[in-house]
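You will see chain A twice below: alongside chain B first, and alongside chain C after that.
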Partner chain A sequence: MRVALKIWRADAASGERELRAYEVDAPEWVTLLDVLDIIKDRHDGTLAYRKSCRMMICGSCGMRMDGAAVLACKTRMQAIAASGHVPVVSAMGNLPLIKDLVVDMDPFWAKYRAVNPYLKPGYTVPPAGREHRVSQERMNTIHKESLCINCGCCVSECNAMDASPEFLGPQALAKAMRFAGDPRDGAKLERLEGVNGQHGIWECTRCYFCNERCPKGVDPRDAIAKLGAESIKEGIDRDMGAKHAKWFVTSAKTTGWLRETELVPKTQGIVEAVKQVRFALGLARVGKVPPPFPPHVARDVRESRRLYDLLGEQNRRGYAGIVQGEKALARLAHGHIEGSRDPYGEGSFPRPFIAAEEGAP
Partner chain B sequence: MESGHDVLVIGAGCAGMRAAIEAFDAGCDVALLSKIHPTRSHSGAAEGGINAALGNASEDTPELHSFDTVKGSDYLADQDAVEILCAEGPADVYQLENWGAVFSRTDDGRIAQRPFGAAGAPRTAYAADITGHVLIQVLYEQVVKRAIPVYEEFFAWKLVEDDGRCVGVIAWDLLRGGLRALSAKTTILATGGAGRLYTGTTNAYACTGDGMAMALRVGVALEDMEMMQFHPTTLAPTGVLITEGCRGEGAFLLNRHGERFLKRYAPNAMELASRDVISRAEQTEIDQGRGLEGNVLLDLRHLGAQRILERLHGTRELSMVFAGIDPIYDPIPVRPGAHYHMGGVDTDVLGRTSLDGLAAAGEVACISVHGANRLGGNALMETITFGRRAGQEAAERAFRLGEVSVPAAALRDAEAELSVLLSRSQGERPWRIREELAESMHVNFGVFRREEQMAEQGEVIQRLRARYERVVVDDKGEVFNSDLTQALELGFLLELAECMVLAGRARKESRGAHARPSDYPARDDDNYLRHTLVVSTSDGPRLEWSPVTITKWEPAVRAY
Partner chain C sequence: MRRVAYYKGCLASLSAKELDSSTKALAPRVGLELVELESVTCCGAGDIHEAEPDYALHLNARIISYAAATGADTLMTVCNVCTLNLRQANFQLIGDPDLRARVNANLMAVGVPPYESDVEVRHLLWELAEGNGYERLKLAAHKGLKGLRIAPFYGCQILRPSRVLGFEDPDRPSSLERIIEACGGEAVDYPAKLKCCGFPIIQAREETALGELVQPIEQASDAGADAIVTPCPLCHLSLDAWQSKLRATTGRDFALPILHLSQLIGVAAGLGEAELKFKRHVVSVSPVLAKLDP
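Up next, the complex of A and B:
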């Protein structure tokens, strides 16, 4: 088949940048990475990109296609080529460009190192020759986070990092959760303190682009939510973001709706709130602020209180309260619904047999 | 500009990082050097698990593990090395766990173990089907914890020999351009395998045998190079790996009729026979017309959705992306693909080579613990145990020796050689040579081997090498010039292919992965219970032999 694409060729040293069009012959099974290989081998050896395993595990080939991060080796081209669409390929975002599709990963790894990404055993290491026993169920807490291949796709798409380059970002924070949530780790509080700093978890804007673009189902935004919930559970709530989140909960369980007039003082403190009185009065004049008195209580407030209590009864305060969605995700991502088709039904491959028992074919 | 270290580890996969950690902990100045970032290394693509006689799933002993490994090797493994691996493996696995490796767990919270091919007990410790990924992550975490320096994206090109000693390496700096000389009292090769010699391979693009070829060029022997393992379950057309863990969990292999054909080849072990046996069985079914478009079928359907989602989620993802198959509902088409080099740089049980100051560990090395056929799960264990031992030995050596340096002439010579390649503007691009090499190796030096095909392959390689002399690199730039490094890799591959064919023709028997059903169908212990060695000379490669070390297990009939 013919595959056409455009590539943003770039040279950081000279600052030159050019969108170049390519069209090549390729077998139908090719991925974006295979197409890049064909271009490099047969048309232009100067094209630069990273690659290695070509099976979605090494994390080398993160790049952007049509403005969104992908692993080139995971991106099959047949449907795109058949549709006539000509995708635009460029380097990942939020990381300094080096050449063509190659970015400087140093800032990425600096943030990785910043979360102390190694186990600090919270137990006496068993004498040589034994493992530390821990249940699978408890280890499942960090199942998704430990799938991360450090490809950078989440960082590329992070809107908060775009605005605040010093934000630790989705990759480092997912790594932080991988240890903060590890039942074997003994440094949870220290880790939570570490991610509650100025450029920590509360700088996330919750746009969910990281979850959307992660090629491995790590769901970094969920990891950030878990770190936040666990921080509040442990009383680490000095950040405005934590206070803001806490007020939502308080509001929901007391009156059943968000009391915005109280949100500002609860989040930013009295002093900051006083400074904004003129602004608030302006809003009130045009009917944008509901009067705080008499307090309005939602009719079904008991349901929201019940939800809150239920989390406690199920012992799901902190990170356990964030939905562990891996199985649901596996179904959504791959269209698997239990029992949706009989694997041995009509049109399926026949049931296996052993010739010695049932006669050779 | 030169940088010097006590120990320089080339390659930062499981073996390389484990070696560096050990040397660091012993108090050495150690650095890693790798052409790709450490976590990109192909150890991370290992799926099924790591073998150690922990006895967590049923009773097991290092003794039993050793026997399985020796039998699996078709008695070509050196038994002293095998016994070390199996005795020291368990403590090494526990250490990985204590460092934070996210292993799957048994009901009572211990490291889970599953059955694997040709193993007498469920011995393969695993992390679902991403064990290599989990191990590469934990080792990198430990490297970061120690702040061990890494020369990232440095392409090692030449080992430097001075006065009978290896004194370091000359490497191309991919990000900044230019050759750099790095000196070390001990250089440890941990560069992995050379699967890129074949079209259908489980190996990454990075697996181009760099360390083997560099060692060959400084006069170190390559051992058992004819022993290339074909993994029975890889996806067409490119050879993406589907783990043996599927069969460990109970998957069936079927021909086009739905028959579990292994009943006719390995009636007792069935799908859990050794890899060489199963790959030959598959190829026979395919050759005799009982395949399906060049494949057989790996059937997971009876395992059920839950087990597949919990323990084989990576396999499901690979099948869906690369084959368009959801293994919950349909069998996966698979075929044998080049997977692992049992052969490699001739080393002793401390990783040392015949050249003072040069060591090797992991797939690049041949100790030999795998002989003519490796058991699934033994490679990861080898990287850890022998990586550790090589690191320890290199550290001890560093304390005994004074500083070394790379002679200035070595760097100048290398720069001159490189400028010849870079200045050439008329000639052939490398890709066609690379493709012809990989396709011809697949046809002529694959699962089954014939004298006339191997002879023809020897000639093909000579022709390709002559063409390689005039190869042209398009990219003349300094920054991320992968066009240059890919051309250099092709040079490595061509030299290794020549060694493989030389050793393959000399071994006139069938043993493990070296199967010659048409002319020498049987194992011949009288003449060939010995290792091939290939040494580079000015007249081309020369073949030698070396004895197999036997401690406890005399060669016996091998059936599964």
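Up next, the complex of A and C:
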């Protein structure tokens, strides 16, 4: 079959960039990576990209297709070629470009190293001749996080990192959960402290791009929520993000609905909240600051308070409360949307916006 | 009329009352009979999920259970965050009978009916973007929008994670564009329409949040949009109320009106200020209304 694509060719050293079109003959089973290999071997030896295993385990070939991060070796081309769509391939986002599809991974590895991605044994050594045994149930806590291959697809799309490059980001935080939740690790509290800094878990903006893009089903956003819940369970709750989250809990068990007006002082403290008074008055003028008294109380709110007390006795606080739901959620197929329109099909509406075609790669 | 259980959530009860009033006024015109849930609480907004996730699951289960008790097969939301939290809990309960049994036992222990017959959680947007809802919408929007240029802003948690939401392709959604065009407006395309508005961290990390918020506001303004429409009251709050804070970083005075989905359709359907309550917006909607009724 004929496969056509466009590639953003770029060179950070010279600052040159150009969208170049390619069309090659390829067998029907090819992946995007195979097509790049064909281009490099037979058409244009100057094309730069990373690859190694070709089987979705080394994590080298992360790049963007039509503005979305993918593993090139996991992306089949047949349906796309058959539809006549010409995809645009570019380098991953949120990492400095070096050449063509190659980005500088140094900032990625620096964040990875920052979470100490290795076990710090905390178990007692079993009697001579025996091995240390861990139940499957306890390992399930970090099953998804253990699947990470460090490809960077999540980091490429992270909206918080786009706005704040220092943010530790989905990959490093999922890795932190992989060790914080490991029953053999002895440094959980130290790890939780480590992810509670200025650019830690509470900077995550919950855009869910990481879950959407991860080619391995790691669900980094869920790992971040697990770290948050476990931090709060362990009393590590000084961050404004943690105070913000806890105020929702207080609201739910006292009035049922969010106590919106008190949220700012409860999150930021009185001193910071006072600095926002002028801004708040602007909102109050149009009715956006509901008066806290009398409180807006949900009917039968006693039930939600009693639920909270009841659950306190059931030992599911912290990440256990998220892990318990993962089995059911895992049954929902990744990337499959029942009845959804073929994005490349006829009559696809409206014009898809292809970020890489007009914007910077 | 299609009878659905209606969960309005915190914002539509409090700072975004205009969302509730416009939704209720619009509903009969698009064939929806809303059964409002009374004995319900906050869904946790993702915050309780990140603080006390087991409690968040039970709060959502309680809401879903009361929705099922109305006899309706659909729990309709008007907020992205409520939609994700409720759908996530619902999938956990439907997909794991052991977990459902435990949650139901806890619900019954505090006097809540157990969650028995399944309901589906759907956003107003999905009700109106296809099928009968879409056909009714086209009839209801008789007054039209006179070609107003409307920028759709989806908000994250109605698209991603797609395996929990799954209504449409998360990278090439079209529901808002369909509705804008059915109402007689012109949909404006811009890259940040699928990105985050920054709202979840706007209090804890304002600088980062504003770095996100600036993208849709700047791009939609530069693309010549008359207004942005969003299906999420949290996106609405950050896009509308925090818009003025962008002056410090950009030096620009944006004055881009932000409409709730129900307000946009409401305008096209000829609803008035009593239901739409544009006076409750921080950024004035008058320029939009002036173009429609010069």
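To be clear about the criterion, the second predicted complex is superposed on the first by the 304 of 361 C-alpha atoms of A that agree within 3 Å, B and C clash if a C-alpha of one lies under 4 Å from a C-alpha of the other, contacts with A are read in each partner's own complex, and residues count from 1 in each chain.
Rule of thumb we're sticking to: a residue touches a chain if its C-beta (ideal position, glycine included) is under 8 Å from a C-beta of that chain, and two chains touch if they have at least 3 such contacts.
The structure presented is a predicted model; accordingly, all values stated were derived computationally and were not measured.
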First, second, both or neither for A:22, with chain B first and chain C second: neither
I'd like to know which partner A:146 touches here: chain B for first, chain C for second, both or neither. first
Can A:209 be said to touch chain B (first), chain C (second), both, or neither? second
State whether A:257 touches chain B only (first), chain C only (second), both chains, or neither. second
Go through the superposed model and pick first if A:119 touches only chain B, second if only chain C, both, or neither. first
When the two structures are overlaid on chain A, which partner does A:182 contact: first (chain B), second (chain C), both, or neither? first
Determine where on chain A the residues touched by chain B overlap those touched by chain C, and list them. 327, 334-336, 338, 341, 343, 348-353, 355
Would you mind writing out the residues of chain C in touch with chain A in their complex? 10-11, 13-17, 38-42, 44-59, 62, 88-89, 91-96, 99, 106-107, 109-112, 156-157, 159-164, 166-172, 174, 177-178, 187, 189-191, 193, 195-196, 198, 200-201, 203-205, 207-212, 237, 241, 244-245, 279-282
Show which residues of chain B lie in contact with chain A when the two form their complex. 36-37, 39-42, 44-45, 90-91, 93-95, 97-100, 102-105, 107-112, 130, 132-134, 137-138, 141-142, 144-145, 175, 204-206, 237-238, 240-241, 252, 254-255, 257-261, 263-264, 267, 290, 297, 299, 301-302, 305, 309, 313-314, 316-318, 320-322, 326, 328-331, 429-431, 473-475, 477, 479-483
Chain B partner contacts - residues on chain A that touch it in the complex: 11-13, 27, 29, 40-42, 44-46, 48-60, 74, 76, 98-100, 102, 104-105, 112-113, 117-119, 121, 125-126, 128-136, 139, 142, 146-147, 149-150, 179, 182, 184-185, 327, 330, 334-336, 338, 341, 343-344, 348-356, 360-361
In their shared complex, chain C is touched by residues of chain A numbered 66-68, 159-160, 162-164, 167, 202-209, 211-212, 219, 221, 224-225, 228-229, 232, 239-242, 244-249, 251-252, 256-258, 260, 263-264, 267-268, 279, 282-283, 286-290, 296, 298-301, 303-304, 306-308, 310-311, 314, 316-317, 319-322, 324-325, 327-329, 331-338, 340-341, 343, 348-353, 355, 359
